[in-house]
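See the structures that follow.
Consider the two complexes below, in which chain A is the common component and chain B and chain C are the respective partners.
Here is the complex of A and B:
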């Protein structure tokens, strides 16, 4: 590969890692990442071909889901590997520079901001917590259909009977929605108090959200000291299963992807 | 990759969770070539149409992507839009 003609893809910035990255690790474009050190900051970079990562090519590629998925997973695997040896500050997907000196210039110009965020996330990991409403999820019934709770086991005997059942079904759905809301608020409140910081991601929906999981009503990220992760997970575990019809899902630990926007956004001193 | 005892060991991670973080999270720097956040958002809107038309198998956050990070419509019936603010 002609490295000099390639662009530089930057995955993350960190303080000098205490251990080298695994030799088998490959990044986007299948090339092992390396560390570019500049005045106490490390950019983890790998060369990427200009034909794929120049502005127009990149824009076109980002609209290709397979390409996007492969690139995102490669980016994530490098950041995850880094997280085993240091506390990396992940960069947004597809942050690309012309050459090493462009990366160095960025490290220099952004030094203060990068160091501030690195200080803030140091020793922390991110946990994702999602709440799913499963079975009997309140949804607007399509015209001519009844929600399960209101579906009569046999034909209604009269119009009055029908209306009564229908009202009962609506009430049941409202009650279940209210319970889900109370549960979710309480869980988020408890986890937020425990965590150093919290962020709400948009709930996962649309044709592509995991259809078997029900309906996503909470998609949150929590910044937790690595040393307290076990307690955090216990806190989540205690909430799990206390509400039938609600499922709690945990992902992580992640590098602190959701906490790179500076402390001011989260109300943390 | 990493050993199984390692908390960061690679396991099955849903693409939707990776994209939640890589498209909305991560520090956004002005790279020499980087599409700015606004550009990426435009791309995501295009992707939303592409994905729903072409591929119903792969989970995606695009239907609800919003840089304000406010939960969108599906939360509304539950009032979760009003989730307590941290602090």
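Here is the complex of A and C:
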């Protein structure tokens, strides 16, 4: 492979790591990433072929879920490996430069912003916490609590019974949703107080998230000092199982993907 | 989507779940203008098929996507609004049905018929 003709894919920026990366670690094009140092900042890059990463080819590839999934996993695996030896600042997928000098120019131009964020995330990891509503609320009041006249199969002739039945169903759903919301708010509040920073992401849905997990009602990220991660996880663990019908899921530790913008209040779900 | 569903639940350590990975690498992480510039919003796969995974609230709003605010399945606010609306509709319907009962069973006086006409006009 003629490396000089290749483009440069950048995964993350960090301070010079204290330990080298695993030798068998491979990046998005199956090539081990290397470190490009420029004035105290390190860009972790790997050569990628122009036939896959030039503008039109890359655009076409991004429409292919298999290619996208493989590339996303490779990107994340490099960032994750880096996160075991330092606190990297991850770049958005598919940040590509023509050559090494383009990467150096970027490190120079963005130096101030990069250093500011690196300072902020130093010594921290990101934990993802999601709450899922599983099983769902009861659709109807318990059997036996309604007169035969209000059976669902019958047209609601009188109206009054129909309304009463619907009200009871709505009330049960409302109550269940309200309880889930109270739990979620409290959990998010507790975790936010514990974390250095927090972000609320849109709830997950769609084909990738739908694996029989229920309905996602909280999708948050917390920036937590490495040294307090264990306590943070204990806090989440204590909340788990206190509410039947709700499932708490933790992912991580991640590099600080969600904290690469300015500081922000956690907000309320 | 077999990759995602085959993964162990419920604690994908290190984030092996594809939805979680895509959410982070496509929507989080610092945006730096490279030499090859592609607007991820132009990628149909990302904006249409995976929109819930990748669209941040602000960006989605810019794109005119704010379904979760109106979708009862995604927003508790919308859920409440939908329930309130349904309640109102149902009350209205019950009112109509009870009126009809009055008209049909209650007698031949002109008043109920006048009422039901009034009801009709109010609907318009």
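Criterion: the second predicted complex is superposed on the first by the 230 of 269 C-alpha atoms of A that agree within 3 Å, B and C clash if a C-alpha of one lies under 4 Å from a C-alpha of the other, contacts with A are read in each partner's own complex, and residues count from 1 in each chain.
The rule we apply is simple: contacts are C-beta pairs under 8 Å (C-beta built on N, C-alpha and C of every residue); 3 or more make two chains touch, one makes a residue touch a chain.
Just so you know, these numbers come straight off a predicted model, no measurement behind them.
Asker: Thinking of the overlay built on chain A, is A:198 touched by chain B (first), by chain C (second), by both, or by neither?
Answerer: A:198: touches chain B, not chain C.
Asker: Quick one: is A:53 in contact with chain B, with chain C, with both, or with neither? Answer first, second, both or neither.
Answerer: A:53: touches chain B and chain C.
Asker: With both complexes overlaid on chain A, does A:102 touch chain B (first), chain C (second), both or neither?
Answerer: Both partners.
Asker: Does chain B (first) or chain C (second) touch A:92, or do both, or does neither?
Answerer: After superposing on A, A:92 lies in contact with both chain B and chain C.
Asker: Once the structures are superposed on A, label A:170 by its partner contacts, choosing first (chain B), second (chain C), both or neither.
Answerer: So A:170 only meets chain C here.
Asker: So, A:185: does it touch chain B (first), chain C (second), both, or neither?
Answerer: Touch status of A:185: first partner only.
Asker: Of the partners chain B and chain C, which touch A:159 in the superposed model: first, second, both, neither?
Answerer: second
Asker: In the superposed arrangement, what residues of chain A touch both chain B and chain C?
Answerer: In chain A, residues 7, 10, 13, 53-55, 58-59, 62-63, 65, 68-69, 72-73, 75-76, 80, 89-98, 102, 106, 110, 114, 117, 128, 177, 181, 201-209, 215, 217, 221, 251, 253-254, 257-258, 260-261 are touched by chain B and also by chain C.
Asker: Touching chain A in the complex: which residues of chain C?
Answerer: 1, 3-5, 9-15, 17-32, 34-38, 40, 42-46, 49-53, 55-57, 60, 68, 73-74, 76, 79-80, 83, 86-87, 90-91, 93-94, 96-98, 101
Asker: Spell out the part of chain A that touches chain C in their complex, as residue ranges.
Answerer: Result: residues 7, 10, 13, 53-55, 58-59, 62-65, 68-69, 72-73, 75-76, 80, 89-98, 102, 106, 110, 114, 117, 128, 156-160, 162-163, 166-167, 170, 173-174, 177, 181, 201-209, 211, 213, 215, 217, 221, 247, 249-254, 257-258, 260-261 of chain A touch chain C.
Asker: Sort out for me which residues of chain A touch chain B in the complex.
Answerer: 7, 10, 13, 22, 24-25, 53-55, 58-59, 62-63, 65, 68-69, 72-73, 75-77, 80-81, 83-84, 89-98, 102, 106, 110, 113-114, 117, 125-126, 128, 138, 177, 180-181, 184-185, 188-189, 192, 197-210, 215-219, 221, 229, 251, 253-254, 257-261, 266-268
Asker: For the complex, which residues does chain B have touching chain A?
Answerer: Answer in residue numbers: 1-2, 6-8, 10, 13-35, 37, 39-40, 43, 46-48, 50-52, 54-66, 69-72, 74-75, 77-80, 83-87.
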